[in-house]
Amino acid sequence: MFDIFFVQQLVNGLSVGFIYALMAIGFTLIFGVLNVVNFAHGEVYMIGSFAGLMSITAFAPPLFVVILVALAFGALAGFGLERIAFRPFRRFRDEASLKSKAVREATLLSSLAISIIVRELAEKIFGSNMQAIPQEYLLLTPVQIGPLTFANGQFLIFGLSIAMLGGLQWLLKRTRIGLAIRAVANNPMGASYVGINTERTIIATFIIGSTLGAVAGLVVGLYQGAIFPAMGFAPGVKAFVAMVMGGLSSIGGAVVCALILGVSEAVTTSFFAQGWGDLVAYVFLVITLVFFPTGLFGGGRERV
Amino acid sequence: MRRNIAVGILLLLVFVALPGLLSAVGGGYWFRVTTTIGVFAILTMSANLVTGTTGLMSLGHAGFYGIGAYTAALLATKLHWPFLLTLPAAGLVTAAFGILLALPTTRLIGIHFAVATLGLGEIIHLTLLNWVGFTRGPMGISAIPGISLEGLFPASDIGHYYAVAIIAVASALVLGRLTHSYYGNALRAVREDDQCAAAMGLDVVRLKIQSFGFACFFAGVAGALWAHTTGYISPADFRFSESILVLAMIVVGGLGSLPGAVLGAVILLILPEVLRPIGDYRMVVVGAVMFLCILFLPRGLLGETPVLAILRRQFGLAWDRTKHLGWRQ
Amino acid sequence: MSTTILEIRNVSRRFGGLLAVDDFSGSVGRGERVGLIGPNGAGKTTLFNLITGFTPVSSGFIRFDDVELTHLKSFQVARLGIARTFQNLRVMPNLSVFDNVSIGALGELGHSPLAALFGRREQAKAVSQRTWEALERAGLQAQAGELAANLSYGKRKYLEIARALALSPRLLILDEPAAGLNDTETAQLAEFIRKLSNEGLSLLLVEHDMNFVMNLCERVMVMASGRKIADGTPHDVSRDPAVLEAYLGSEESDSPEEAAA
């Protein structure tokens, strides 16, 4: 017999999970195409939410314009990130160098450095405390469906997530740029040999991934009512966990694992304090890495 | 002979010249700054062993630093152990944790290992934060006794300076022996190409675990020193950003080079002190410096290759023809 | 002491549905120079990986001087006395030539941190001596202080062999040693390998350069599609119809009919 409380937690967990999923996709896309982890992905999420807040305080536009603003800033941030933290390390074009350990370490460190700079600058500009989102925009209106209570924000999260996931699938399967992304993810050298502009594809991947992350950040801000500059770190790591659990190169796997993660977290938080909920993701991470190096759904990358 | 002179000068600097200078400039505050540098130098050297020399990128080193600090703090405040006991205890407990946690992760490579250490570091931090019954959580542990010798001298800033300096020099000696030896070559082989190293007969798993163990021992020692010299610790001292700070220090100094690690620590700690107006932007500076170093000085300021060459020429072998190629240990 | 130093018996390696090595049996005699040839994809490198512990054996066993090797890890195989070089030279570019070769010495002589800490010089001296000897054998003593990254392709090959020699191996496995070398360099390499063999080293090598193999090796094993299809002297193997078919496909057998038509 289904405990209503438990089902409620499930729903809450799913909405958190969808947020992680949106971010996890960004990670997976970038990892697929460049074989590097983008440590600054969490900051893009933060940028989306702050961009939204700034547009709200500046000229109070309707909600969907706020979303567009977040999208735009996310795309810009993604582009900037790629140019600054990743491109300078692709000095050598041959396969061996691209996948070399030194290059990957360098990009890991450089994206890490950039994420620190962005986060600290944001803290200087906005202060490290929580910034409240104006009342009118909050999506906390409760909606009763049967015995369950939802916030309308959760509907937005579900709707937006599914729309974006669907949009991404369409993009990857039905458009040329999507084909280019899949090709480069599969074999960068081969892709360039058949005339695909790998540089542009990489940029496009960053932009797409970052847009998803930025929108996720905005929606979370609207749903939770307050944002702060360091908000990107934890979801970033959790999205990474989802990606690893899902097998590194599988978008579907990452999404499923993100949902699992979200639900586990919600359940843990309701039984223990908030702090222990965060622990869940990290424990999952370590367990997955140690016992399931190819991800829960297999097909992960072998060692290079 | 040349070697002895160089070492002698360095020791003179650390134990006589510098304290004299700092006393003249006003004591107190500056002693605390250099004590911090000393603690971080030990921490950085330990991180250098595992990340720079062995190539295991650890993003959770602050967690082990924290285990050391809390071990010392709890032993001192709850069981009233003296500093001379808490220090080695902290080192050993941290080393034990390090080995335990390293065992399952040795199979992991590159980015996977890095992220696993990030996860471990966060797990440690969150546990310190939330296990309020044991660690007092965010309130931290206060009133940790300073470093003093019963009846001989009480805790003081200058006393702390000397204690840290002595331990830092001792740590440098030990870590130096490990790094600048054939054993160091074995670790470097693990870094360069661990599959190939195994094919050449090296027990790579054992080397990784040993390296992690030693590094964690010294991280624990650094933690104990931090606890005793500052008197108060809280989980906030041991977050991810501290791990990144340490990482930045070894990148700036030169991955794999021991003197580089110390230099990196000095630079990244002095910078915010010297450039007071930007002191608040410490982490931004750290991030920026790290980024610029990776971009323009991938070998860091005192890169491993030149440092090893210098060390060998001065302190290395002299077996006839192989005059400056091999190691004495 | 038997005359066989390496024995491979019914070894198979399965990757999912694919049999990369299929029931392979063969041997290398003490002091013998054995070649392993076969078309690309025949499973030769996989076989090397099986012998040296890089990949686990699915079935069968491998014995080295009467010691069971089958389930040993690669560092244990190396310490038993089997050293190898790699097809795509795996030299450690950031270390000096001397340090590269010392890795092999460390593998065999051991690498204890306690030795480093409590300073007994004998072990270090032994490592240095062994390293230097390997360097001299390979003719690299002049380059000993150079960074390995600065070495030419040809010299890197000798570096890999020197590193393998530092292990004091009894069996040396060479994976395409002559690849990328010109005729003069190839001849010099063959000379060098022959010298090593005369000093008592057993050899197993994979090579595509047929002249190299036929002139250097006393016996040749031929692999195709994971299976052994021939095993004999170079002279016999080069005339074996199964071998010719594996290399040339069935075009040869078509031509007489085509000629008749």
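Going in written order, the chains are labelled A, B and C, and every chain counts its residues from 1.
Basically, a contact is a pair of C-beta atoms (placed from the backbone, for glycine too) under 8 Å apart; a residue touches a chain by one contact, two chains touch by 3 or more.
Every value quoted in this text rests on a predicted model; they were computed, and no experiment measured them.
With chain centres set to the mean of the C-alpha atoms, which chain is at the far end from chain B?
It is C whose centre lies farthest from that of chain B.
Nearest chain to the global Cα centroid?
B
Mind checking the centre-to-centre distance between chain A and chain B? Centres are C-alpha means, answer in whole Å.
Distance between chain centres, rounded to whole Å: 33 Å.
Rounded to the nearest whole Å, what is the centre-to-centre distance of chain A and chain C, using the mean of the C-alpha atoms as each centre?
Result: the chain centres lie 47 Å from each other.
Centroid from C-alpha atoms only, then distance chain B to chain C, rounded to Å. What do you get?
Centre-to-centre distance between chain B and chain C: 42 Å.
For the complex, which residues does chain C have touching chain B?
52, 54, 73-75, 78-79, 83-84, 86, 90, 92-96, 98-99, 102-104, 106-108, 111-113, 115-117, 119, 121, 123-125, 127-129, 131-132, 141, 144-145, 147, 163-164, 167
Spell out the residues on chain B that touch chain A in their complex, using ranges where they run on.
57, 104-105, 107-112, 114-116, 118-120, 122-123, 126-127, 129-130, 240-241, 244, 247-248, 251, 280-281, 283-284, 286-288, 290-291, 294-295, 298
Would you mind writing out the residues of chain A in touch with chain B in their complex?
Residues of chain A touching chain B: 36-37, 85, 88, 101-102, 104-106, 108-110, 112-117, 119-121, 124, 233, 237, 240-241, 244, 273, 275-276, 278-279, 282-283, 285-286, 289-290, 293, 303.
For a test of understanding, state which residues of chain B touch chain C in their complex under the given definition.
That would be residues 174, 177-178, 181-186, 188-189, 192-193, 195-204, 207, 210, 214, 304-305, 317, 319, 321-322, 324-329 of chain B.
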